[in-house]
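Can you keep this structure in mind? I'll have questions shortly.
Naming follows writing order (A, B, C and D), and every chain is counted from residue 1.
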Amino acid sequence: MGLILLFNAFNGLIQGAFYALMALGLALILGLNNTINFAQGAFMALAAYFAFTLVPYTGFWGALIAAPLLAGVIGFAVETVLVRRLYSRKDPIYTLLLTFGLALIIQDMIRTIWGAQGKPLAIPGFLNHPLSNTYFFLTGYRLFVVAVALIGTGALFAVLRFTRIGIRIRAGNADLETISALGVNIYLLRTANFIIGIVFAGVAGILAAGQLGLNPTMGDALIMPAFVAIVVGGVGSLVGSLLGGLIIGLASGITTAFFPAASEVVIYVIMGIMLVVRPRGLLGQEGLFE
Amino acid sequence: MNNPSGSFDRRNVLKAGAAVGVAGLLATPKPTWAASEKPIKIGMIDPITSIFAALGHSEIKGAKFAEAEINKKGGIMGRPLQLIVEDGAGSPGTSIDKAARLVSRDKIDFLIGAVNSASALALSQFANKHNLLYVCTGGHVDSLTGKDCHWNTFRTCSTTWMLTAGDFETLFKKFGKTWYFITTDYAFGHAEQADYITQLKKAGGKVVGGALAPVGTTDFSSYLIDVKAKKPKVLCLLLAGDDQVNCMKQISQFGIDKEIAVGGALIELEELQALPQAALYGWWTMEWYWKQPKTPHVAEFVKAYLAKYPGQYPTARSWFGYASVYAIKLAVERAKSIETLKVVKAMEGLVLPPEIALQPGTPAYRAEDHQLMLSMFPGHAIQTGKYPNLFEVSAIVPGAQLALPPAETGCKIKYPA
Amino acid sequence: MSFLVLDSVGRRFGALRALSDISLSVESGELRAIIGPNGAGKTTLFNLISGFFPPTEGNITFEGAPITAVNPTELVHRGIIRTFQITEIFLSLTVYENLRIAVETAMGLNLRPWISRAQRAAVAERIAELAAIVRIESKLHRVAGELSHGDQRVVEIGIVLAKSPKLLLLDEPTAGMGDEETRHMTDLIRRLNKEQHITMLFVEHDMAIVFGIADRITVLDNGKMLAEGNAAEIAANPRVQSAYLGDAGLGNAA
Amino acid sequence: MTMEIASARTAVAKPPAPGLISRRVLGNVALGLVLLAVPFWLPLVGGYTDLASRVLIYALAAMGLNLLLGFTGGLSFGHAAYFGLGAYGVGLMLKYETHSILLALLVGTLVGGIAATLLGPIAVRRRGIYFAMITIAIGQMFYFLAVRWNSLTGGEDGLTGFSRHPIKLPGLTVPMGSVGFFYLVLVCFGACALLLWTVLNSPLGHTFVGIRENYKRLIFLGVRTKRYLAISFAISGFVVALAGGLNALLDNFTSPNTLNYTLSGDFLIIAVLGGMRNFWGPLAGAVIFILVRDYVSSITDNWMTVIGLIFVLSVLFFPLGILGFFNRKSAS
């Protein structure tokens, strides 16, 4: 039992790293663009399909870089043509329904263009094996996913900490009015932020496709744990989203060892407990009038 | 608004659609028949969207292929055949909604369709209420032609029992007595697992573990950790669609298929297509396969099908759609009527002729439970296979050998007075 | 015992010290002006008194009872009500509907899913009364968001009056108003103080108003108290002149 | 036809203006008559009664949700959970306990409504976008429970094995065919509409609208806004649960899909499309949404794109909804 528990705990952490990667992109857009991006899952799928199309020309590695950027271009168009018009409306329902509709459209487009038939995304052969027989669940690919999650997160935090645009994004998260008063072009900033969020979604989508394969509805299953990660970690906190992802991954892993049937429900239970005990989440800020 | 539905007709909506720039998307005009004869209408409810879409598309293609063929050869009793397809999205609720539409607005004569068991059961219940002949194309749950059978419901695809019986012996004899199940958590999976366990116990084997995976499970690693711990000889996968694909990929990534024999009941060409080469392994059962060098008519069928749908080989699902439409045609011609009860009676015992059956033997809709006695095609995935050569059929087993005898299915058909 | 007493009150935001060592006492019935240059801490002071956030140092008492850590809802029930620098009213409702929410709240009816005819009449009567006091009767059925800035301010005062405040905090009541509106507002403040006997604190930049109507004046600068006294004393105070009036000048301060 | 019924911004009664009341009453009476006569005129124009029942059920759910959304300013993306709970409550009652569909409806409504009453206070701890996220997550918890609790709910296959029995009243048996059931739905719809109208024209409703308009002002009038948000959440939960129960009866079936957030999205777009500041907005939205989906999905495989476009276009160009749009046009 002990070993299985350990296996599951590790496995949960790996899964959690993946949730965290998805949650980060969502949390970025939630913060600065003040938008619950329901289309995040659809963008994940879109990037994965881009990668599928690119792999024969660019190989896996080229696709891993180019496809998220392509998705970012679509994200740029979506932000400037659609989402941007809604920032001035205070009620969040409009962006929420907009992205909800976009998710339907993107999913339908994928089905029309690439077909409903599931497709495999070829990953480099050397990643496709377990590293050791005992720790068989540590496949090269899963470790690679964790590595990308770590590097991606690290890069994001470096950008936020050290670059001009990153510092502005963080400041904008805290107080959009003030930085706009300081002469920062918040339209540009929000666009950049949206694109970064989508690129993150794209990377996560490709990584998911490498493991799961492609189908038009793949985004639906991926987006909910990301939401929960954000709520648990604390809405408005990027580090919180990261922690939230790891925690629910871990919890779901450990639960599997004892009561596999509850492995999805448990993340919602954790979220429920968190909401009762600490409604702002692990690292979320408490605002009197948020 | 005073007139919520009256002002609508399809063409107007089409125009509205074009106005918002989706004209290019609104494809698939309904087939037209120049003759003055009123068409015989078959309503088909199958998933066009949702996770079941790939299978649904195959069934629809097969049915449309049959529709075109029948109309080219003069229709049914001189009347054109019209197939009206609606998207049931794999959801029983949506399927019922669409069925209600087809009945009240399109005034269909017959109903076919369903890829998944839940939708099939819901449609069967609906058709029974509306006195409508329903041919289930692809929902496998035993009870549809078992304890929940209706006088008006027929089924073209196999029962789960037949699927499990198809390759149980192979798996058991070849690989061993201790089994572990990963089963999809709905009627289809439950039924399959129960059937396997019955056969396993009868043969003296043992279940060492099992897990129910909800539809849409993406990460199977936690289940696989348990599999490794329990060390079964056979890992039996009773999943469907994307779940099957995901699980098989993860098994191969973990290298489990190298240590433990992996197999299961149903595999579909659509699923094998979605798998990378490394994940093409295991012993499975197909319900129909396009490559049958010794069976007459199959090669011509495949050729004609490829001509209509270039690059897409017919799958078992395509054949379900194809055979279901033809079965109705044959039954109507036999009954010389489109009255439900008469057609039902004509369909009981109806033998599919070789050019429709496209398999050895003489599959017939059994009168006692309305189940088609189609053959099973057990075999294994070809590890180095390239589409469409992904499966090696090791035997073609006549369905009547595998199916439960009518007395044991639990089906007692009650006809309306 | 004074009506409102602040004893060495301070507030920090992280490293930033917004207010420190503020001690003042306000008598019942007093009309007190708070002045000071931008960033002096006037609004922060209002936020502390009204419970928007608690002070990090010192104590506040109201009618002899400590209110340092009391939440804003409770403070309202004790009689402390405020307006905001940015008018806070119900913009897409009519003036009548604005006042009705306030009146029904004041009468404790919020939880009632239905009310009697008599209660309905009492509500209507009170709305008419309030409208008369603030002189907005002619615009009762206009949508608040379409009114002029000054009228919106008046509506806000009508709303807070519904709760019969003992202590009213007005944050820049005349900011951005034209001459006529300013006169109307000044008159309203004076009448509320004299006729309704409401103790008032108000932040104001227009020195003419401050010196014209305030009983006493408190001057803040840089988060600290600079001076306190009546109009003549403040005008004569050299520290006020040099630190505030001196370099900014009366006109520019607004 | 309903355009002139409700005022442009809120359903809060405005002071009497000449002719207005009689016009409003007239409009409501006309609407009532049109609805009462549905089984007679709908088949003539190519519709069918079950479709009308579906429209009314969705309108009822969206109207219930709209008390919270449009009149209290609480964006819940998880109300399908209460819809689904109502549906399962009704289904399980009929399957195991009773043949009385009225009793089953009562229990279903209570199950969903009480769940909303208990969970509302947790959700309202945060506002705006965060409130929305929490409601989604709570809703999904119920979805996964229904999927996983196979022995009770039937899991992914849904809950079958129950059907509508005639309503037996003393001296009267009401058959529950398509038409009979439509009138049951209409009675429920009418009763809830009356209830919601009453609430909106009471101090409680005025407080709700105040929270939507300016919660800060209300806090500084001494109102505990979260309590009222929770009350609005609970009332809307009861109404939505009743709609869910009726939906289960319409299909003789229910499945986890009735708990999913995508259904919450449908309810929201129905409210927004019709006009969420408008009392009858959800009804107009439901008529349009259900009919368009019904028709479009039968003429094109790409119906999801069309539905998606409805979301996008109505958000961009009809933020006030259809009724709001026409109201503004007629006002200008």
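We take it that contacts are C-beta pairs under 8 Å (C-beta built on N, C-alpha and C of every residue); 3 or more make two chains touch, one makes a residue touch a chain.
Please read all numbers here as calculations on a predicted model, not as lab measurements.
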Shortest contact path, chain A to chain D, counted in steps: 1
Chain pair with the higher count of C-beta pairs in contact (C-D, B-D): B-D
Distance-maximising chain from chain D - centres being C-alpha averages: C
Distance between chain centroids, defined by C-alpha means - chain A, chain B (Å): 35
Centre-to-centre distance between chain C and chain A (centres being mean Cα positions), rounded to whole Å: 47
Distance between chain centroids, defined by C-alpha means - chain C, chain D (Å): 42
Two or more partner chains touched - positions in chain A: 108, 112, 261, 264
Overlap residues in chain B, where contacts from two or more other chains coincide: 25, 48-49, 212, 214
Residue numbers of chain C (touch at least two other chains): none
Contact graph of the chains (line, ring, star, complete, other): other
All chain pairs that touch each other: A-B, A-D, B-D, C-D
Complex contact set, residues of chain D against chain B: 1-2, 34, 42, 44-48, 50-51, 54-55, 144, 147-148, 150, 155-158, 160, 251-255, 257-258, 284, 287, 291-292, 294-306, 309, 313
Chain B residues within the chain A interface of the complex: 25, 48-51, 53-54, 56-57, 211-212, 214, 216, 218-219, 221-226, 228-229, 241-242, 245-246, 249-250, 252-256, 270-271, 273-276, 278-279
Of all residues in chain C, those that touch chain D in their complex: 50, 72-74, 76-77, 81-82, 84, 88-94, 96-97, 100-102, 104-106, 109-115, 140-141, 143, 159-160, 162-163
Residue ranges of chain A in contact with chain B within the complex: 3-4, 7-8, 11-12, 14-15, 108, 111-112, 115-123, 125, 128-130, 133, 136-137, 139, 141-142, 208, 211-218, 220-222, 252-253, 256-257, 260-261, 263-264
Chain A-facing residues of chain D, complex: 69, 73, 75, 77, 122-123, 125-130, 132-134, 136-138, 140-141, 144-145, 147-148, 215-216, 219, 265, 268-269, 272, 276, 301-302, 304-305, 307-312, 314-316, 319
